[in-house]
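First chain written, first letter: the chains are A, B, C, D and E, and each begins at residue 1.
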Amino acid sequence: MFKKLIEESTGKSPWLFHINAGSCNGCDIELVAVLTPRYDAERLGFKLAGSPRQADIVVVTGPITAQSLPRVLRTIEQVPEPRCIVTMGSCPQSGNVFRGSYSICGPLSKYVHVDVDVAGCTPKPEAVIDGLALATKILQQKRREMK
Amino acid sequence: MSFLSYQHFPIFTIMLYFLGAFLIVVFGKAKALRHAVAFLCTAGPLALLISLIGRVMVHGEIISYWMGNRTPVGDYAIGIALEVDALSLFFGLLVATAVFVACLYSFRYMERDHNVPQYYTLYLMLAGGVMGLVLSGDLFNMFIMVEILTFAAVALTAFRNKVTGALEAAFKYLVVGSIGSTCILAGTIILYAQARTLNLAQLAAVIPGNFGVSTKLAFALLFIGFCTKAFIVPFHPLAADAHGAAPASVSVLISGVLTKSGIYGIIRLVFFLFQTMNLGTMQFWLVFLGSVSMFVCVTMALAQHDFKRLLAFHSISQIGYVLTAVGLATGLGISAGLYHAMNHTLFKGLLFLAAGAVLHETGTTDLGKLGGLAKKMPHTAALFLIGAASISGIPPFNGFASKWLIYQATYQKAAETGNIGFALVTVIALVTSTLTLASFVKVTQSVFFGQMPEECKNAKEVPFGMRFAMGILALLCILTGLFPGLVTRYLTEPAAKAAFAAGNYINAMMGQGYAERIMGAAAPGAPAVSFASSGVWSPLSWLLLLMIALLAICVVALSGKYDKVSVRSSKEVEKKYQLFYGGETQSFSQVGGGDLFWGFKHNWRHYFSFMHDLHSGIVNDYSLWAVVALALAIVYALIVL
Amino acid sequence: MLLVLNALKYLAYILIFPGFLFSFLVGMLLTGIDRKIVARMQKRVGPPILQPFYDFFKLLGKETIVPDAANRRVFLLAPLVGLAGITVLQLFIPVFHFHVFDNVADVIVILYLLLIPALAEILGAAASGSPYAGVGLSREMVTILAVELPLLLVLLAVAKTVGSAMGRGLVFSLSTIVGYQELHGSLITKLSMIPAAVAFLLIIPGETGSHPFDTAEAETEICEGMMAEYSGAPLGVYKLTHAMKIFTVVSLFVALFLGGIGAGIQNLVAAIGLSGAFAGALSLLLQILVLVLLSIVLTIVCISFVHAITARLRIEQVFKYYWTIVTCFALVSLVMAWYGL
Amino acid sequence: MDLPFIKEAISQLFSKPSTAMYPAVPSEAAENYRGRIVFHPDKCINCMMCERVCSGNAISHTVEKTDEGDKVTRTFYLGSCTFCATCMDFCGHGAIEFTRDYHMIATKEEDLMVSGTFIKKPPVRKAPPAKPAAPAASAKEPAAVTCETIAAEEGKAAAPAAMIAPRDDGKPVQVPARCVYCTLCAKKCPAGALTVDRAAKTWTLDEDLCVGCGTCAEACTKKAILMPGDEPVANVPAPKPAPKAAPAAAPAAPAPKAEEKPAEEPKAEEKPVEAPKAEEKPAEALQPRDDGKPVQDPSKCVYCTICAKKCPAGALTVDRAAKTWTLDEDLCVGCGTCAESCPKKAILI
Amino acid sequence: MITLNYIASFFLIVLGLYCIVVKYDLVKTVIGLSVMDYGVNLLIITIGYHPGGTAPIFTAGEINPASVFVDPIPQALTLTSIVIGACVTAMSLSLVIKLREMYGTLDTREIRRLRG
């Protein structure tokens, strides 16, 4: 009974942790716009957590610059177990217009298994909400598979 | 009277200390022999005094012992007397326990020092001096004992003269201390001039009625003398310097025992010799001094960077509590004050021993350079936490029980007299208690938790002997905290009654009916002292409830695999278990020492900078304060008494 | 047999009614309502009322990471001690008429018992060894320092008023205070108590560490402050302790200032004409209901409303605010209580 | 400590929240929102313009040679697209379209690939593509040979003054008669489809690279390249008085229609050329040279060295200090750029 | 005449205190201490004075109501006080020597490492 309750509530209160890996802040404002009254992700239980230890879903924006790569990987590593990684916008997915530049360390999927990608160069808040909802389902699935 | 009857116990306790001091000088070379003599000569007096509890405390009997059996002739006391009533025994017990535990601690603590035999000699001299002061019934004898303990304390402060400031502290202590003892001497002599006797009981019978100008001067001199010994506000920098430099076991004695002897002197002076405790102005004077020293010293402690200097300032602020409570001159007040004095000796001794352990392991007590010691010294950290919790008044521990009684006493005094000043004192008392909590949170975070700097890497647990001594004190802290009812009924209330009942003290000493004959109606008989406190607090049942709740929660947690946490095993990824530094690699950054409580310090920055300049560290300034305090006391005594 | 029955009764008191379960549910309910009202004030829909439950159970499901630099045993034990402290504290606060352990702790002791959960959090933060936690810890201590002075003044004023009114000098025990209020009407109706009540209302957000005064766990500046290194079940326990603390402080306000309502319920039940055990049960139920409603209203007024319209203060502003404005309110009421107004 | 927003907070508490309940209530993107790409393979002519202009280079294609033409599959990788729709603008045939579907969530990379395949049939030609043999025979002539002799040879091979018509598949065609092989068109061609060898007098077009953008036609000063939509031109040198535009053999097959086209053009050209010469004659009685090379009128020349800079062949060296103007006969191809660019009209051609 | 002693002792005590407070030199402070101590000793002696009294040494036969002795107790006290004064001076001088060695100066204004 308890396990089912935990599983169900894992789906209902995913906490986000936002990592800006050199993004142009287009996606960052869009992510925060999701929490504003207009789209209000909090009604689905989303909340921005202050530290990776308290996060379930890690949202990465920006084309993973060389400077930010080790820091992004370390922060993702510090997130406790049932976690999802969501890349927002095209930059983390492929490096977008910056691909091939000497200071870009390529798509995030080269280093970490990316669960959900929300495409769009600055995806619409609705798209972000869909992405996060999908990530929450994956989170629930991962929680179900945990020991 | 057979040789071993209880009548001789007072002289035995004092003699054992001095005998021990002498024996160690003779046989001091061999370590085992030295430890055995020291152990015997500290355990003996403690045992003797404990055996007296039943007789003196419960039955209220007063033991008087005339040196050389020169009992008073007619109604004039010739010889020197030792007098043990409930008040003296209470203080004697405090002294004996503190001395015994500190001696146990110093066996292992002083190993690394050289010329250790001298240390033990001075140590036992100090103990003997204080015990003599507390038990003696003769005023000049008290002066002699004060001199002995001041000498021993000065010598012990300067024992480790390589420590920065040891010599300087010892010299300042000697200068201002001898100003104080000279005042006591002058006061004693002026009283002798009037009453032609030195015996406390006879003085207590003769003096209260007729105050001449010289008697008032004598009161002021004696009062200032004992304030110097108790390190009340104008003289508190001495204690701060002395503790900072003295070895930890000596600091236990200085803060636990010396200050109490000062308080004992003041109580004898105010409640026995001059019996002016019911004067409104006298109560105001004592409570004012107490609350000023409470608040000033705790704010100074908050601004300290050195562990032992912080503890020193705290001990003076706790003495401020005791003086405030005693100054109220109500039954509950004195009982609460004495209870707090006892608790203070216990938890302050524990804290100083913990500070000594930290010094013993890491070689420094600077809060900025320490950190994360709980991992290396878990037992010391646990014992320190018990001490810190009890000094800052966390419910189950003893600090709370006595502070709570003090709040009741001050607020009840305010209700009775209707003057809001005492309510203000309660407020100051509580704010000081929270500030004490704040400074001990600061110490806990900067010494025992947080991250460990390089220098402390090779710190390891202190030897068992030291931990055993700390364990005794911690156990006593918890016991006296859990059974306030027992402590007040058997220890503090009889002492409080004795403090008021000067009459039977005189009769016991000088023979029955003496007090009535001399003082007529004014003889203070058994006082109608109410110890009723309007508060409700039973720590045992609270602790029981807490244990049940904690047990239930732990059972639920363990069943929910609460402790199956993920801790780094060798193969795990190392990054996951590093602290979150905003993504950076975990570098050493300890938040401790000076950079805590910025909010509070910022708001009070003018006050702190003023206080910092006031404690200039120059001998002349401290002596100037002493002289100014003496002048004020004389003016007060001449006008008010 | 009687002993066992008695033990079970007390166990039920500790774990079920005024103890853990009751304050667990009401605490979470209050937090849920608080977040919902704050959202609605920002024209947002806001999370469902049961959101704190979901958060709590999700956290139970998360993995607990203990960093290397942390002191493991203290790191894990501190939250449990905090929770036990707040559960026991809840027992001493009477629900209008119904009080179980009334001779264990009085008002000043409760003032100190309120420290235990905060100290548990401080100990946990210190044990985690993170610099963010160190900064959070120092801010939490300054907040405690700030709140302690006015809270004490309010309690002294109440003790003096009830004491002089009952002619016993001082009254510190909470049940006598509530008893007095049931006879002579709630304390808030007395003139000298109004500034004290206002001061207490201003203290509640500070004591519970809610929005304008949550500099200790400011998630933006110092990454959740003291909770920076906590994850999984210990974090859930800390959040639970926060929730229960809100309920405890609010019910303390109700007990201190609105005790008279209990009498109202009594005569209401008497008016219905019931009698015997059934009436007692009904009045108890009604009292519980009224207490929960009152706490909801109070939470909305002094926590959610203040949360919605103010921005987080710096730590020395928190300290200055409490030691000047709120202390003046409390001092005024103490002086008025003192001179018998 | 002023507390703003008290009124708003209370009033909002009782008014309806302004949240768009997204998952329940579907919300439509803005009118011309650039969302998911839809690719119409049939319209695409694989001109690869979109690939060139795409800033996120998200568009790629694979070509597979099959019997009925090369099978091209073009894929748009949305994960690397900035949705700026530049490709849509550049696609001349409207093969790329941005829909309003913003819902681009993917767990696998493939979901973000939009692709389409089509068969690219080779261009339909009216007549069999009789490619005239490249004038391999015109081996390197000694520099001294003048344009006429070459033209004469070419002329023999080519049809007498045949008309050149533009091609129908959008590619440029050369009017060998007019072309002076100044390699200007090759330099201008964005796609690098043209290779012009001045020495070998060859003008070859790489049909695959050529995108038919027409840049070469515009750049050609001699109007020697025809684009679809121009009138057929006779394969005869531009109607310069005798010495102009040494005709060169063009690989392109001159279509018979080209006959009458050059007729009008030379007339148009003659007039402008006539006018300038008329002015010069009365002032200096300086004779333009007969072999089509420029000659300098020292009186008007200010030695501004513009002509030397403009000369594509680098045949002119002008020294301002020494006031010398020397022409290198071999390098000069008589393209006339110096004459045109001379601000003082001091050069006659 | 006897009041002269009282005045002298009071003057000595005040002089000692003045010297301790004003002089910024360690040795002068020690001198001030001992001067103050001598003042008190003088006070003790003068208190014990009895006009016309002789030394309080007598055999059994000599006691008669008329014989007038000086009060012996203050003299005993003075002895102890002198001894104590000597010890205080000895110890403080030894400390002064070590301080001079450690701090390199005798000026009290330099010897203030422990402050604040």
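Quick note on the criterion: a contact is a pair of C-beta atoms (placed from the backbone, for glycine too) under 8 Å apart; a residue touches a chain by one contact, two chains touch by 3 or more.
Computed from a predicted structure; not experimentally measured.
**Student:** I need the common contact partners of subunit B and subunit D, sorted by label.
**Tutor:** A, C
**Student:** Could you work out how many touching-chain steps separate subunit D from subunit E at minimum?
**Tutor:** 3
**Student:** Could you name the chain whose Cα mean is nearest to the mean of all protein Cα atoms here?
**Tutor:** C
**Student:** Computing the C-alpha centre of each chain, which chain sits at the greatest distance from subunit D?
**Tutor:** The most remote chain is E.
**Student:** Once every inter-chain C-beta contact is counted, which two chains account for the most?
**Tutor:** Greatest number of C-beta pairs in contact occurs for B-C.
**Student:** Averaging over Cα atoms per chain, report the distance between subunit B and subunit E in Å.
**Tutor:** So the centre of subunit B lies 30 Å away from the centre of subunit E.
**Student:** Provide the C-alpha centroid distance between subunit A and subunit E, rounded to the nearest whole angstrom.
**Tutor:** That gives a centre separation of 84 Å.
**Student:** Taking each chain's centre as the mean of its CA atoms, how far is subunit B from subunit C in angstrom?
**Tutor:** Chain centroid spacing, subunit B to subunit C, equals 36 Å.
**Student:** From the C-alpha centre of subunit A to that of subunit B, how far is it in Å?
**Tutor:** Centre-to-centre distance between subunit A and subunit B: 59 Å.
**Student:** Touching two or more other chains, which residues of subunit E qualify?
**Tutor:** none
**Student:** On subunit B, where are the residues touching two or more other chains?
**Tutor:** 560, 566, 576, 578, 580, 582
**Student:** Multi-chain contacts in subunit C: which residues touch at least two other chains?
**Tutor:** Only 39, 42-46, 60, 63-65, 132, 223, 228-229, 232 qualify.
**Student:** Would you please name all pairs of chains that touch?
**Tutor:** A-B, A-C, A-D, B-C, B-E, C-D
**Student:** What residues on subunit C touch subunit D, complex-wise?
**Tutor:** 37, 39-46, 305, 308-310, 321, 325
**Student:** Hey, which residues of subunit C end up touching subunit A in the complex?
**Tutor:** Residue list for subunit C touching subunit A: 35, 39, 42-48, 51, 53-58, 60-65, 132, 217-220, 222-225, 227-232, 235.
**Student:** For the complex, give me every residue of subunit A touching subunit D.
**Tutor:** It is residues 37-40, 43-44, 90, 93-97, 99, 109, 115-121, 123-127, 129-131, 133-134, 138 of subunit A that touch subunit D.
**Student:** Please give the residue numbers of subunit C that touch subunit B in the complex, ascending.
**Tutor:** Result: residues 11, 14-15, 19-20, 60, 63-69, 71-72, 74, 76, 80-81, 83-85, 87-88, 91, 101-106, 108-109, 112-113, 115-116, 119, 122-123, 126-135, 137-139, 141-142, 144-146, 148-149, 152-153, 156, 159-160, 163-164, 168-173, 223, 228-229, 232-233, 237, 314-316, 318-320, 323, 334-335, 338 of subunit C touch subunit B.
**Student:** What residues on subunit A touch subunit C, complex-wise?
**Tutor:** Those residues of subunit A that touch subunit C are 5-7, 9-10, 12-14, 36-37, 40, 42-43, 45, 48-51, 53-54, 56, 78, 80-82, 143, 146.
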